[in-house]
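Each structure below appears as structure tokens.
In what follows, chain A forms one complex with chain B and a second complex with chain C.
Let's look at the complex of A and B:
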């Protein structure tokens, strides 16, 4: 029997909150994160130099990390969970090149966070084109500006704090281009008055942008980037008509991203049921209101369970932790009350998320809008240099089957394993064959099974999760030993 | 519901079905191809694509019966030769490469096996060369210190399976074959002097049935009331990230399941028949981590530079093994017009069996002797039950 009670994968807000709660109750907890320091994306620790020059931009993160360490949580930073052993339980982990760990515990909390959602356009592979998240990371951790004249574009509330962080560094933000029309008076927007704290946050960002005279364009999408050796101009068009250019801006950097999608890879490898989200078209692990997956020993917390921001992420982490504690101590009234209290808070926060989500265009709809307009020579899969025309032609031959399209074009076969292009490849394949748009076929765990069904599969527009989750050094793999017996580390 | 007639209905759009459809359609036969899913997505889309010419290791991990190399080698030779004209016939590249290959030995017993293998190869007219460990390392400095002997065969090579099946299918369609993907066969019955095959919402009446359904070959035969004893398994492949041209040859192991080569895209493809966690008849078979570790441990021992690479991907795919590991091809006794083709190493055999199946349909002599490879030998021995269909019937 293992001495370890809980393994938490991911040291962001959800993982940290869960670790602190569980360790304070005396449980043996291991927290694994692939980054060299805990914090995840939101609580990313500034470099020492940045800390001296600018202070800690998120002191709450620093406090939480110190608490977790003080409580004796085993923190395996710089460790990547890349696979699951044949017992469907033991996590396979690589550390520094040549080192490896097997981890097993009574419970696993997956708090791996989210990926940024990207969509290809001509020129997206130019140096100087990044995601908003990367620009934010550079700004927060290193106090480094991504460029001097920067356009922030894409969709979602995250674009606003990114633009503000750039302003703080003295960057000339030439504008914020939002694909939807979320920032206008509407019945739905008024409902958000029920969430004053969240609303104040957003209002503070828009006020900061207005004070700096940063234009906020709505219903505008990036349709191309140009430049010799580096991006020097960006072209915007209306979302409804991406083929007609409306405005060209001179920039030396472009941050473009369409929100986030849950990292469901580990949940899928552990055999947890996933469903296709009808709005986003993403594969999202199925969880109950406590974050418990279809497996009795695996919880999903934070953004990995669904996009919702830091407060929801922390609440999800705490809820999973409290639920584990309540299960250990069935008779305890306080433990049960804590779970119910957290589940209620989680519900309130999730309702704000749903509301906020409804203000922005649905990712599946956006992909359906942008994919058909992509010029054929656009590089869609950057790892393997596959164009939109390649994907379209092949998808028609492959009856729209996403995996067959991947096999024939190599799109999604490179080091990123389709994380950047999978969404777009799926949309291109759908449109090439006139298959059902996402949502119409919203399935559940049977997506993989439907691969062999009587009809070309629709929905679940993602490539299957494969091991290793990320490319893993063979040296680290061999350090596990050939004998895969599921032993504890 | 739709209905059509054809001269031949091919069940399975893998590489064997694609090759058979091509040869039949090119010869003027009216051909319909049905598949339960997307074409070329099972064994043909997941194989390593090796063209084995020198004798293969006689036991893949988990294989019960060693291969009869003396019988297998001449077939393998003919199959390999048949690949020579494939790119010209299909008018496209399938990345066919005759890179040559080494089969290596480590232990004294394996070394003895290499020498015995060399004798069979000479008898089969295959030119191979036995090298001691140091000579092998001089030829291929990437080989590690545990290698004590190797045979070299200049004809070993590979073709890209992700190109070969689509190329055959495209060419078959150009010659008039009709492809019906995502139609799972659910009934096969006699109809007059021919057969009626129901696949999804489609009914095809045809004089002949070619059952090349890979791991489902026994299941399809069972629909027609025919017993075929097959042992389908899922095996896995491992792919590293791309690297500059480093390994020009195929490297195999005589005593263990191991094959390594660098594919055209630059990745190193490592396989050798290691078993997946289980064969999943619906969807992808899950990868076994024990097999990943086992296969990569071997690869890094035989080719130490592998240690410095990164594993990019692992996947599993099915193969339709016969109990004696020999190919199966021919008409099912007592079922005129019902032909089957399959077995291990189907990729290497696809061009030869594609043409052979055309000959069988036409009643013409096969290009090689196949009298002992017919499905009759698989009719009995029910000790390992073929899939659940049998009990259901």
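Let's look at the complex of A and C:
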């Protein structure tokens, strides 16, 4: 096995920033990403045609990627880290079809990012219903419009730039429906808060929507989508009263999402302690202010350590890198000063995130509002086509136990492994028994062992992590077994 | 530069190097498969490799997530519909 100092999992802003810092100090770094190109979601690379026509929509990402490559970082794109070997250290990786790679290093930085938070509703499985992020990537990277008449809905600041990207492509945005009430009638009210730069950005989006006469509805949630083979209409209701429809809109695409969830599966498989975030209900790895997890060799950086946006993500990546360098070079004053400086910046950015978050409804509260109102025939688990009625009936039998409910109904056992339904299944299970008041579903999964299948405490709010983290081709598993040592890249 | 690929036997023009889901959405091909249990049509949802709703067969390789695949000249795609 070659002498590798650091393996970084995830080639988005945090992973790239960490890779560049470590490689510039002369460390041997390997950067792994499942996507075909570096950049992650935020710095997703434009297609060649889009690049020629419109240039790079995120030039900072292009510069960072070129720097990382120039510094000699080993970049394994199209490679999925799907598990952890029995030594609890070696990462199991699937690359090209039929290839298996094992990676081991002195330090691991997990920068696996986030994915979008969804809530089921009748019709959300129709073609043409997507996450806002999908519409954004299609627009920014591929210059492709998700539809011609589009509703953007859900919650969080991200809905605004998505709607604006669609406007840029000439799409008729029929409205933006926000579940909370974060916006004042005048966009200027936002700037009265602290951190004006970021809030000015939001105000600029609301001004752009107003100029294009796009309605911005607040306290509105999507309660159903209809269509024959593809979405053709969407129904909205007030968040507090989802059973009473207020407005139906004709659309050919619906982009709906409720912010982001940290992708922390790998941290959990490695046995890093996680806590249940009280606001979101998500499992978030426990880290110190440098990003070090409960394991002395594993750092968590970027959105995987908690949602905070690109600046915080990059700062977390840099902080983890600087901390690794300072640990290697104990006597160095400059290294320690760099770490302290970055940790302070990290704290400031995190406090802005908390402020921005407080403008929008807490995801856990939303789930407690929306899940009980779901009609029984709603498909909750898209992968296994499990309905809300199935989940409720089983959860009642299982006294609200989430894992028993999962095992019995198969909700959360399909290819997405509960990433899109898990949040709602947990809420349905909580409410099915009526025994657990909202917010008190409690139980952290921090004592969860790395053995796959380890159960969080009964009634725990999240599904456990299992390997493979994503479905892996059988040929990759066979390749791993055929050569006992695998292919030590 | 657009290149020609084949989707379910039909020729489709798509920009080289764009994501395969963009080629589908750009030509209004939303229905990529029918769900094995419910029989309902399904199409791309997350666009970032998490939901597996956009799995298609590319050049004989099954289970390829179209959102992680780039359009290449002569590519042959079969959807599950």
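Some points to look at:
Throughout what follows, the second predicted complex is superposed on the first by the 446 of 489 C-alpha atoms of A that agree within 3 Å, B and C clash if a C-alpha of one lies under 4 Å from a C-alpha of the other, contacts with A are read in each partner's own complex, and residues count from 1 in each chain.
Going forward, a contact is a pair of C-beta atoms (placed from the backbone, for glycine too) under 8 Å apart; a residue touches a chain by one contact, two chains touch by 3 or more.
Just so we're clear, the structure is a prediction, and the values are computed from it rather than from any experiment.
In the superposed model, A:415 makes contact with both chain B and chain C. Once the two complexes are overlaid on the shared chain, A:319 sits clear of chain B and of chain C alike.
In the superposition on chain A, A:433 contacts neither chain B nor chain C. When both complexes are overlaid on chain A, the residue A:83 reaches chain B alone and has no touch with chain C. Residue contacts after overlaying the shared chain place A:165 against neither chain B nor chain C. In the overlay built on the shared chain, the residue A:399 is in contact with chain B alone; chain C does not reach it. Once the two complexes are laid over each other on the shared chain, residue contacts for A:473 go to chain B and to chain C alike. Legend: residue contacts after superposition of the two complexes on their common chain; A:382 is shown touching chain C, with no touch to chain B. Taken together, the two structures place residues 384, 415, 471, 473 of chain A in contact with chain B in one case and with chain C in the other. Residues of chain A that touch chain C in their complex: 34-36, 41, 47-50, 78, 97, 115-116, 125-131, 133-134, 137-138, 141-142, 144, 146, 229-230, 379, 382-385, 414-416, 419-420, 470-471, 473.
For chain A in complex with chain B, the residues that touch the partner chain are 83-86, 92, 384, 397-399, 401, 403-404, 407-408, 410, 413, 415, 417, 448-449, 451-456, 464, 466-468, 471-475, 477-478, 480-484. Chain B contributes residues 36-41, 45, 162-163, 166, 170, 181-184, 200-201, 240-241, 265, 277, 281-284, 287-290, 292-294, 296-297, 300, 306-315 to its touches with chain A in the complex.
By the touch criterion given at the top, residues 1-2, 15-19, 21-22, 25-26, 30-32, 35, 37-38, 40-53, 55, 61, 63, 67-70 of chain C touch chain A in their complex.
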